[in-house]
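Next come two complexes, and both contain chain A; in the first it sits with chain B, in the second with chain C.
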Partner chain A sequence: MSRRPAHHRLPEGGCIDRSRPVRFSFNGRQMTGYAGDTLASALLANGVDVIARSFKYRRPRGFFGSGLEDPLAMLAVRDAYGYDAAIRAAQVPLADGMAVHANTGWPLSSFDVGGLIRPFARFIKAGFYYKTFMWPNWRWFEPLIRRTTGFGRIDAIAAVRPAERVHASCDVLVIGGGTAGMAAAHALINSGHEVVLADDRPRLGGALAWTDADIDGRTADAWLHDRSAAIADADNIHLLSSTVVTGAYEGNVFTMLQYVHANDGVVLQRHWKLRVGKVILATGSVERPLVFPGNDRPGIMLASAMSRYIREFAVIPATRVCVFTNNDAGYDAAFTASRAGIDVACVIDTRDVPPVRLQSALEAEGISQMTGSEIIHTHGSTRLSGITVRARSGGAARRIDCDGLALAGGVSPLVHLAAHRGIKPVYDPDVAAFVPGAWPENWTGAGDVQTPMTPDQAAASGVAAASQVLGKKQDVADAVPNPFNIEAYWRPPTGDAGMMFVDLQNDVTVADIELAAREGYVSVEHLKRYTTLGMGTDQGRTSNINGLAIMAGLSGRDITEVGTTTFRPPYTAVPMGAVAANRTGPLYRAARYLPAHDIHDAAGAVFEDVGWLRPDWYRQNGKGREAAVLKEMAAARHAVGLFDGSPLGKIEVAGPDARAFLDLFYVSNIMTLKPGRIRYSLMLHVDGVIFDDGVVTCIDDTLFVVGCSSGNADAVAAWLERWHQTEWPSMQVAVAPVTSNWASIAVAGPRARDVLAALNPDVDISSTAFPHMSFREGAIGGMMSRVSRVSFTGELQYEINVPAAQGDALLERLMEIAAPMGGCLVGLEAWLRLRLEKGYLHVGADTNGRTTPLDLGMGGIIDKKPGDFIGRRSLSLAYAVSADREQLVGIKCTAAPLRAGGRILAGDDTRPPCRSEGYVTSACFSPSLGFHVGLALLENGSERMGETVRIYDDGDIIKAEVCRPGAYDPDNERLMA
Partner chain B sequence: MNTLDAAGMMLDLTQIESCAVDGYAHVLIVSAVDGTEAAAALNETCTITVPTEPGTVCDEAPYIAFWLSPRSWLLRVEQDGEAAMLAAIRKGFPDRRVHVTPYSDALHWFELSGPGSAALLARGGFVTLSVDGLAVGCMKRTLIADVPVLIWRQAQADWSLAVERSRAGYMAGWFANARSYRLSPED
Partner chain C sequence: MIIIRCPYCHEDRHEEELEYGGEADIARPTPPAQATDDAWTDYLYMRTNPRGVHFEQWCCRAGCGQWFKVARHTVTHDITEVIRYEDRFAYQKDRDA
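Let's turn to the complex of A and B:
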């Protein structure tokens, strides 16, 4: 058996530019290809046979396809602009200086020590990992298994390929630039519609580049040339080449990934979101292989791939080839190879009676043929060296020497994008393929994606699809049924099932499917998950149909009954870097800045992103976080602390019915709230669970300000609008979210009134004139202000609201006044600890998705409220009043630090595992009290005051006493000062 | 320029100007009653015309009124006219059936102009929510770079964008980054 010649390129032909050599390396070896090559064609042209090792059995694998259907050729590629850890070689245009490495095989993909596992292959069938490595501990085995599997190669040198995101819209999206897609786009020229034609390849034409065909009475080359030129010249057709449509979503929104190429690599990845009026799906189909023993050796590839490599890239993929087919299309590969001067040993056809015209054509080419036959064995180690063939009816086996084998098992329409929109493909036994049973709204299909077609039929179908989009009636000749005369052939009846590969990427064999059937995994979804069939990066394009057809045979069902798995976006792998694009570093997400951000920054604020960038603590207040937090707490307790509360939600609710409207949302009685007064309350969901807490300020009888938590500001405004619009539309209420219009600085501490006085307010701020929970409007420091006397710290506290543009001026002035008094800026951490000492609730931290106001001890307030409110009825249900509910309590201990998250152990249990009765929701050391304080949700907590509980905290057991929340200033003397 | 050209092909992004808008004040009007009724009442009581068609802008000196929702509008007035506008509406609607509140500090405005401005915006979101696009003189509320914006197309390549003040810093950084790409002529 002769090896492939030193030169693997035909002397002429192909779409490559021989005047422009392109140098690249593979596994460190320098190679040369041509402009117009893909990485796969260039490697083949350089004699590379083995490019990977299989996933489980470490078998040598070569090129199997010529595009996105190839399950094997995932390589690590670095070009001048970036690095891809695993990318399909057949989709990568060759670029100057490209450095390519195989991802599997040690030390080399062509010589892999891991191949020693092969004698044990029969013991590592489907489910082997799940069954074997669970004992004694999966983690013992996991590192080794992870090291030996996977398709990517991490590179220490970071390289972020430039990427950007683009949004656009168009009238018509034509997906696929093959015969049908081009015909459709051509028919839409000057139609008055903006049309996008997206194709995953750099050149239009699809299979026409390697297929002999006549279209509209002209050669394929002539048709392709004319149509390409017309499309390029058309003003209304926007051609996006090298662009994969990766997902179809509701509202006809599509995601697409476009590669912008330069001579030395992918200069830019552009991630598109395209909103579309109508869609013509012309994605064509991919060829399926045939399943037989030893069908995975390098040198075996799809017939269409062999034709493409020869015709489009002038590559000699083998010196002596055979073709194995169950339909007419396979013969094209034989003719293509023969006409390129490659020795074609034999066409093995599973059909007993192929068309006579094909037999005649073979005879004319001098190619032998075996009909009604099948391959029962293949030979070779790192390259195919021969096959053994036998008649399906039995008889003697015959060995044929060859180093290339083309497989044609029929085609599978690429219906994935339609399936993203919920369309279920249906099996058509006439063509042995799943075809779209229907189209999503405003979609139509063209070409092979509907059913296998000849190029001439595909072109007519494209024109018809365009007519449909334009609303014109177009008579189209019925497609010739089964134009390639396929006779389904799913597997040989005998032979080593463990060597019949169905999914070449995940090493799933017929034996695995048989095992799945024996163990009851007969649902196609279970089959997929149990065996990993179709779960690789190729998403099972060449394996799914064969696999489920085999399962159908094993379980005595027809293929329609078995169905297909669900296709989900993305259609093909999309680099995360392309999705993220420029959203890195400070642009990672849309940060929100305080009005006085620069002042905080200048004061050494350490910011925390909690939806807004808020100061957690200030470096100027101490060396390290803890020291600074303690100083900030001390300032608020003994002098004055300044806290920026600008993110707190502010929603104006106005109108004749504003009061009655708000009363429907709060557990407290808003009907009695007087102008100039403020009331704290809770807002519930309909199930009685706490949604938000905050204060309601009555400015006058028709204007209220809802103060809500920072994180819920948008949600509360939407909640109010939703109920107004859907339940109480007749109420005359206006909801105006004004959070961002105001800067809000809280001044807290025993010197707070002194600070406010220093701003020369034009309102009386004495304790009697401006008591706790009241509101005043006036000029403060020369700024028009809204001032609320409320407290989150337990100290005398004012919240001064000024227009946001004046926030920095106000804060600067307050800092000047407070500093001589011993005051300072206070960060979020100190602020939250101050409230914890006081025992105040922090919704979200101290509540969960079950907590109701009854769990907080607010039953008395609710009982007193005469009117209804959202969630009230739910609070009367047995579930809500059960004694077993977790209720909010205080906890304290002196011995050991409390931490949020610690579980309170049940009964007399001292060690987990045991039942838990609740958990610590917030905790800290209280400098004012001298012991650790916390809040906890504890079963029947309100009845357990004084009880000692055991808290499990990351291995330690801490004893703590249950108490009422708010040990600091229990008589509120400081608050009311 | 059609929407696909705007999406970024062969455009020179260096010609874009972005700047803050000074000299104006804004007030937010929210109606407690049906929007059409409120619009009529505003016209009758205060001689203020606000648009009632979604996405439209009413440019009637000395103010510009933007449609925000069926029951809310943003009014741009001269800075020294803010107090008078607030007072007029409050006086006209003492029961706050039509509520007005200061909004000058809530928003930060950017102005973009130049042939590449649409391309810049297309990097951040759908400038057009339908194939009909955003016509000159119209506005819409959408997301650009995941930030809620009010976008007003003043001319073919002139845009005003209003974002919440707290998000202006991020938006400015995003504009600067998006402008940093220089596409090759082949692109």
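Let's turn to the complex of A and C:
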């Protein structure tokens, strides 16, 4: 794996706690780090330098960054509390017992057979996927591509990491706990404002952990210590460490993800929604690499990352390093490495004339310098072993041996959160960076996020931001323009563009950008999608600006003109489990139980969650579902069946205008509905499409009960209420949803009247006194009841409604009475098959988003109604009366089973592919009829009775006959009995 | 996140507690039977869909259940006017005056 010495940790220094070793494993190998390490620093300290294989070309890759910007080191991590299939090693604090695996590379990241794909790399250029989807055939490539791409493996038995949600608010949110953010928060101590300071790292200080600086005339360490202590002590500053602000939304609402760490892992993820008065954005900046051939080898990293690994974690990332820079900041890495005792071979500076003070400082450290130079090659089989350097003006190339290379290509302000709110970053050529042009309302910036600045300036700008929040005027010294004397250098003018990596996560090279430019994908949004530049989990933090600058050069535009792609939330990957938090199972949606749930349970009900927990069927002596369903159907057809219909929607509509109000909703005439009578009807959307069906009961002239389908109970009540409030507010009517106030048991079958009689009702229940589609109130079984004689099954049927609290008592009595008659409980499946034998429709199953009452053959009913109703005018529009509409018909066949979903083939066609003229909406075998019955939506179906159609069902062709719905008891003799 | 103070119950409600109801003041032709096909399909389908201030209906669904009207900027989500359902927006009052 490595030719490097066994010691990768400096003998002293760093923010690690050497008194507390932390044991973990990587690919099964036991390793040790220290408390305070990140997983990345601990792996480096254990000599791991190849951590991944690249996405497309399977090239070996190492640690490139030291934080959220790292494009490469995505690992599978299991700690004591959960499993992350792919998480950036640099953002994971090391924890005891952590088991870590590389995600890419087989059998190992350091030796990967997939690397054999490299000779074919020229076939996987930009736009490969788009082109392959078109030609020759995506399916040839899919299996290979699916196997060799992707980050992370799903763990089917992964422990679910505990997560919770928090909703909170504060006066001021300071985002970022580096120099500027700390200075701002410190200035807000005792200001009377409630302040949240959110920082994504476990420790405050940001880049101060690895930067030499004097702030306010004190050393960085002293300043950091003092400010940290004051912030920790302040009552009005709430410090949220290890907390990433992931999104900024209108109304100054922010989402944040907080990791709560224990010694052995992330004990809790907390997903915040924080509503904020004012915002100080102090997110700082991230360094960019330089682009040159072979810039992706392990051992090459950002200069800031190298400094950070050495100073914050006391890691020796390489034994002999070079630095490649286009600005002064890169020199820090050289000095840091040199002072840590690491051999620094050379600083290669693209600028012809770097500041003299830097030259002198290098001389003092004994480090050589090449100015006006660039790297034209890198060497090494796996890890970097050397670079070849040449003057930009030409001349001889020179090879330098090194196993580490630090890249400093300038910095990019982390403006993402402001951009979430619609702020467009603007290019500032002086600092070669996109800076925020303006701030959203009630926002201000502090520190590097505004423009690159020194730590001293950042601290001052933090204090100034706090003053602004407090409404005080304060003069701030303007930041020195271009404090690091950057000279833009985007790419070498010559060399193998296919080896110049811009996006290291997605393997996008300069050659890909050139191809995109040639093929006309020159807009940044097209460039991104065509090449996948910046589309990885790192969201192109280190690659976007380089990529669009290179595109600007290729298309002869300046960078300002090219602009950036749109930044959208989240700022970094957020685990779905953290968003869902505890909203799972019953906490996702509360279970609704029938009033008589326990009785159903005791009777062997197999429940199905359809919004309510409803019995689908009842277990009987170990028989399966099908046998049980047939037995339940037989009971209802030959004796009596008891069905719990409590979830059916019940909405009371009361008031002097109740009748006229309801008449506006139903296709049937409600004006003529007499007290004690019930009418079946349909409710439509404004465009004439069926919304719901149900029965309307007239109790008296000012009180009606709307019965609607269970699934629409809430929607219908809201619909009535909305029209009342917004269209007919002067109508005197009140709408009261009362569904769960009542238990409703349907008693269906030839013995239904005998069952009702056994309850000693105080009303006459003879067929003449209590006919079909009528309603009675009375004492039944000693309970105050509302009884409707309606039928969903085609049998004589009563629905007995009692107050919900008496539901179990009613059901128990009914079971006692029905059992000796051969009756039993009937579940939802048998109930739906009974109605299908009868040919009654089930809205939502037998109708779709186009079906109107005309398609059901209800034109006659509508013609007879004098008044208007919602949707009526739409039924005379051209689309509603066209000849090719799908109409509801019955179908039957004797041989093969019919199933819902089968497509009806057009005319003479016998095999697909061909046009379809409709589909089977419901189907089952009818034990009463002895053949298969179903309903179908069929083009011009009402004119096609008796026709034989072919139905395509999962490969089989079934012949069936079109008929009128309702083959069972067509004369309604049983219904009216 | 959209936060609106309900003009009936006077509580701040955020978007998870509210129901959106589309553009406000779309007049239903009456009587519908006398509306032309064009007038009726305009009522059904035609909306202004502006980039800018949009006059729309919201319901205090998780609160008092009342429908009300809001002027909202479709780009910034700035809420500039919240009125009871029977009231008229300021621009309409100006026009009336």
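Everything that follows uses one rule, which is that the second predicted complex is superposed on the first by the 829 of 977 C-alpha atoms of A that agree within 3 Å, B and C clash if a C-alpha of one lies under 4 Å from a C-alpha of the other, contacts with A are read in each partner's own complex, and residues count from 1 in each chain.
Definition applied: a residue touches a chain if its C-beta (ideal position, glycine included) is under 8 Å from a C-beta of that chain, and two chains touch if they have at least 3 such contacts.
Quick caveat: nothing in here was measured; it's all calculated off a predicted structure.
Participant: Counting only touches as set out at the top, which of chain B and chain C does A:Gly422 meet: first, second, both, neither?
Facilitator: The answer is second: A:Gly422 touches chain C but not chain B.
Participant: Determine, for the superposed model, which of the two partners chain B and chain C contacts more residues of chain A.
Facilitator: Touching more residues of chain A than the other partner does is B.
Participant: Taking the superposition as given, does A:Gly655 touch the first partner, chain B, the second, chain C, both, or neither?
Facilitator: first
Participant: Applying the document's definition of touch, where does A:Arg873 land relative to chain B and chain C: first, second, both, or neither?
Facilitator: The answer is second: A:Arg873 touches chain C but not chain B.
Participant: Please work out whether A:Lys623 is in contact with chain B alone, chain C alone, both, or neither, and reply first, second, both or neither.
Facilitator: Neither partner.
Participant: Counting only touches as set out at the top, which of chain B and chain C does A:Tyr249 meet: first, second, both, neither?
Facilitator: A:Tyr249: touches chain C, not chain B.
Participant: Answer with first, second, both or neither: which of chain B and chain C does A:Thr726 touch in the superposed model?
Facilitator: Second partner only.
Participant: Can you give me the overlap between the chain B contact set and the chain C contact set on chain A?
Facilitator: 273, 275
Participant: For the complex, which residues does chain C have touching chain A?
Facilitator: Of all residues in chain C, those touching chain A are 1-3, 14, 21, 28-29, 31-33, 35, 37, 40-41, 44, 57, 59, 65-67, 75-78, 85-86.
Participant: Give the list of chain A residues in touch with chain C in this complex.
Facilitator: Per the stated touch rule, the residues are 249-251, 253, 273, 275, 422, 686-687, 721-722, 725-727, 729, 868, 872-874, 877-878.
Participant: Which residues of chain B touch chain A in their complex?
Facilitator: Per the touch definition, chain B meets chain A at residues 2-4, 6-9, 28, 30-33, 71-72, 95-99, 101-107, 122-131, 133, 145-147, 164-171, 173-174, 177-178, 181, 183-184, 186-187.
Participant: Looking at the complex, which residues from chain A come into contact with chain B?
Facilitator: Contact set of chain A toward chain B: 162, 164-171, 194, 196, 238, 260, 262, 267-268, 270, 272-273, 275, 277, 582, 586-587, 589-595, 597, 612, 646-647, 652, 654-658, 702-703, 732-736, 738, 740-742, 803-806.
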